[in-house]
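What follows is chain A paired twice: with chain B in the first complex and chain C in the second.
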Partner chain A sequence: MVQIRRLQEEGVDIIAIIGEIDASSSIELDLTIAKSVGEGFHRILVDCTALEYISSAGLGVFMSYIEEFKDKKIHMVLFGLKDKVANTFSILGLAELLHICPTKQEAKQLLNELSV
Partner chain B sequence: MLKTKALIRLAFLGAAISWLIMVFSDVTVLFSDLKGLDPDVPAWLPRVMLDAYILCLFYYYKLRIERDESLNFTDLLWKVFATGLIVTVISLAIRFLGFLLGNTPLPTNVLYQDFVYQIDLSLFLSFLLAAFTSWKRLILYQKSKWLIRLWRVFEISLLIVLLYDSILMSFSEGMMTFIYIVIGLMVLVLSANMKWVAYLNFRQKWTSLLLLLLCFFYLGYFLLTMSAEAEGIEQQSSAFLSFYGHVFNLVLTIFVLVYSSFSFLVILFNLPTSSVFEQKLEEVVNYQRISQSIQTEQNEESVYKILLESSVSSVFADAAWLEIRAEGSEAKTYTYQISEKETEDIRKHLQQNQVRGVLEQSSDRTRNLSKHLDGLKGARFRSIMSFPVIVKGETIGTLTLLKELPDAFTKEMTRIVSTFANQAGISIENFRLMGEAFQNERYKEELKIAKTVQRSLLPQRLEQDVDFEVAAFSESADEVGGDYYDTLRINDHQVGIIIADVSGKGTTAAFHMSQMKGIFHSLGQQDLDPREFMIRANQALVYCLERGSFISATYFALNTQTKTIRYARAGHCPVLYYRSGSGELTYLKDKGTALGMIRSRDYCHFVETNEVAYQPGDVMVLYTDGITEAKDARGDEFGEERLLEAVRTQVHLPPKEIEQHIIRKLYEFSGSEDINDDYTLMVVKFR
Partner chain C sequence: MSYQFSIGCSLGNLKGIREFVRTSLRAHRVPEVEMSAVVLALDEMCSNLMIHAHHCNPNHQLGLRIEVPTEGTLIFEIIDEGNQFDINAFATPELGNLIHEKRKGGLGIRLVKAIMDNVEYLQRDGKNVCRLTKTIHAS
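Here is the complex of A and B:
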């Protein structure tokens, strides 16, 4: 089960994922990101501090946006990943394709640098 | 069948013969009496022959009428009527003949009169017996044990009376009165059985009344004619036995008359209520139609139509509509005698008047909204009633019934229609459940196929070499995953090994797995550098993997000439490697992104070839994430650490035993044989 919350701060859309992302809940994540993009946000933060587990389908969601973000000049930064989750990202090599920061502060900073 | 027919003929023949004997013997007896001679035939013969005639006819009708299952109530009455008609016409014809003879001496001859009387008597008896048999069937409709017994007693009494008549034995007057009272009571009790009347519809009731009326006419005609004839003969001869002296005939006449009168009156008084009975019957039939619609391979639409039709016909609605709001599709409206525009007007009107009721989806109450219609100008309807159609606690539609008369819906009607609506809801629910079960079954079947496909994609045997030995294990959960491993001999000194995990499950995963196999077997033979292998594999997969799908894989090229392992990791779980020289056991974590993640030529920057020189005794453990992510009861994962520990103590063993040990440890950890993911494990040991 997963709970996804959205919250806007200074033009940044913050998506907080609470719980586990598996094959079925990944659809919800996909919809949330799509909605954010649809609303015209160019800076997106994904709060993973409460993300307990992510399956390959969940990773597929992040992966599927990589090209689109590049084309639309949208920047997304993930932060607060638990070790286990971070390991999943790195094994798959997604860590090199996505921007991942330890804290929200750093994530925001990175987002600002990228947007310039 | 043939036997029955033969019996019928036999009975008829018997009746005809006994009648002939009776007539001629009777005339002889009378003639002898008139002339004061001793008759040539015994005096009892006519009476016995009359009994024989009655019995034969009784069986004749019993076989004709009682056994015929196809006769309904009006048919029975019709049979009686027809028999009556025939006998009356014959009797009238004979009288007409007598009239034609006019003043000739023959009509005044007592023998001729007796002859005519005997004919009339037999005709009348035949009519009475036909009526008797038919009435029996009517009385015994919906019979009880008690009633059957009573009828038997009645029949036996009649037989006794018949015998009594023929032996000419006289009881005292008191005894006779007692017998008459007992039989009379029986006739009354039997005549109270009129259940069949309730099952006649309006038209049948009118028909029955008419038929019964004509039966009365026959009865009256025969009674009058025969008593007049009997009087005439009696004056001239004492040997003549009148009809009235015959107790059996009397009892039979009374019975037929009483039951006919009762039936007539009951039908007459039932006429005004017959429409109610008809309606009730129709309700039952309609209810059955709705509940059976599921069994007759009909669809939801036909249930809606039946619901609409049944409701309309049960409450005599002037118009009706049924609106179904299916999830995800547009509302569907089925109408009866009303245009879409009119329904729209009524709906708007109710909305404007703030009528919160069943026309809204949220409400689940049946409402009589009649009073709100008063304000609607130009509408022909003055009564309206609405019902929700509920499936699994969710209102899926509303049924609205309209009438032109004000206050035309009664509580009774509300009850009936809401029963229909409920039954329709249940039928719909059953349909959906059946559909789901069907879908599930198909899904399961699909999974079975996918699993078979997946199994067949895994290698039957693994490449072995003098330098190393390979063991593999793969087990998949109920849901088909996409784990793949394989080996391939590139040339005499090189062997390719692959382990891969396709994201997603089910048939798609099995499909992607087969693509991976194809890629491995075609690219593997070309003796490519592992990095190049991955780049080309990525290029090939980009066109077949849908958005969000990817494949993690590690490809190894084992070279026995240079004693090296060259490999590229594309997002797959890191290899666990044991170096026998240093005793070191580590995960080889290096750069590499899964296949299908980067869909451009940039992929070459995200994958690399690594090289390891192997020595005899080295062990390489390849696995999929199902192993490291296996959970115990508390939700902890097996993890890389536990895997490493499981291998550490066993490195000196042959690969098959190392593999079995890991699997044993894994099952011990997860605490059950049920697996929730795919476990794939490969162990390569060098020698």
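Here is the complex of A and C:
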């Protein structure tokens, strides 16, 4: 139902979500982010270009890291959200709480600015 | 027009619920963003029921019924037996509190209340019926 892939570019951990995240699959997203943090990454990009659907279970995973990231000075930027997915974030007002960019290039740039 | 579906209380079945909603509404020209929103609201309601009222017991059944009495009016019913899980009994949690408490739940209720025009509960034939109503404005 969901595939999550990780790859590293210039010290940035890129997490790509492919498919749908709901209450049955959100644990995989949670474990992947926890692994990235556990491995000591301070810059994380989340590639949402192939994310077809996300429910509150998945949104809750992103939200649950907000404070921890602030404490540990970890920065995370999401990019490539389809309109239908972006709409879910904006209904909840999460678009203001998380860093979201249209493209990977812009997301990388924002990540660099945040990390200074 | 009305559409019916019945499924066991396993979170792995949420995908089937989303497909049922999309397939049923396909003929009713629901715009993409609204379609995604109502699919999401049904997923949230059913996952809440499966987890909190049925403890993900796959032998417990949820019934779904979609009625489109007139174009633009969508009525969704979720029918189950057992303890009623009434989202109106829960205060909509503040986002700030959810972040502070690192809670992964509570967002679904906010979503359902934001997406649907009305959420009501009734009893029919000894079963719980949760009825969600949504009016789609012509695009």
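Here, the second predicted complex is superposed on the first by the 116 of 116 C-alpha atoms of A that agree within 3 Å, B and C clash if a C-alpha of one lies under 4 Å from a C-alpha of the other, contacts with A are read in each partner's own complex, and residues count from 1 in each chain.
As a working rule, a contact is a pair of C-beta atoms (placed from the backbone, for glycine too) under 8 Å apart; a residue touches a chain by one contact, two chains touch by 3 or more.
Computed from a prediction, not measured in an experiment: that's the story for all the values here.
S.K.: For the combined arrangement obtained by superposing on chain A, do chain B and chain C clash, or do they fit?
M.R.: clash
S.K.: So, A:49: does it touch chain B (first), chain C (second), both, or neither?
M.R.: Neither partner.
S.K.: According to the contact criterion defined above, which of chain B and chain C contacts more residues of chain A?
M.R.: C
S.K.: Regarding the shared-chain residue A:22, is it in contact with chain B (first), chain C (second), both, or neither?
M.R.: Touch partner of A:22: chain C, not chain B.
S.K.: Going by the contact rule set out at the top, does A:115 touch chain B (first), chain C (second), both, or neither?
M.R.: The answer is neither, since A:115 touches no partner chain.
S.K.: Between chain B (first) and chain C (second), which, if any, makes contact with A:1: first, second, both or neither?
M.R.: After superposing on A, A:1 lies in contact with chain C but is clear of chain B.
S.K.: With both complexes superposed on chain A, which partner does A:60 reach: first (chain B), second (chain C), both or neither?
M.R.: After superposition on chain A, A:60 lies in contact with both partners, chain B and chain C.
S.K.: Where does chain B run into chain C after the fit on chain A, at 39-47, 471-479 or 561-569?
M.R.: 471-479
S.K.: Pick out the shared contact residues on chain A: the ones touching chain B in one complex and chain C in the other.
M.R.: 23, 30, 56-57, 59-61, 63-64, 66-67, 84, 91-94, 97.
S.K.: Give every residue of chain C touching chain A within the complex, in rising order.
M.R.: 11-12, 14-15, 18, 32-33, 36-37, 39-40, 43-44, 47, 50-51, 95, 98-100, 102-108, 110-111, 114-115
S.K.: For a test of understanding, state which residues of chain A touch chain B in their complex under the given definition.
M.R.: Listed in rising order, the residues of chain A that touch chain B are 23, 30, 56-57, 59-61, 63-64, 66-67, 84, 91-94, 96-97.
S.K.: Note which residues of chain B are touching chain A in the complex, please.
M.R.: Going by the criterion above, the answer is residues 501, 503-505, 547-550, 552, 570-574, 591-594, 597-600, 606-607, 625, 637.
S.K.: Where on chain A is chain C touching in the complex?
M.R.: Going through chain A, the ones touching chain C are 1, 20, 22-24, 26, 30, 53, 55-57, 59-61, 63-64, 66-68, 83-84, 87-88, 91-94, 97.
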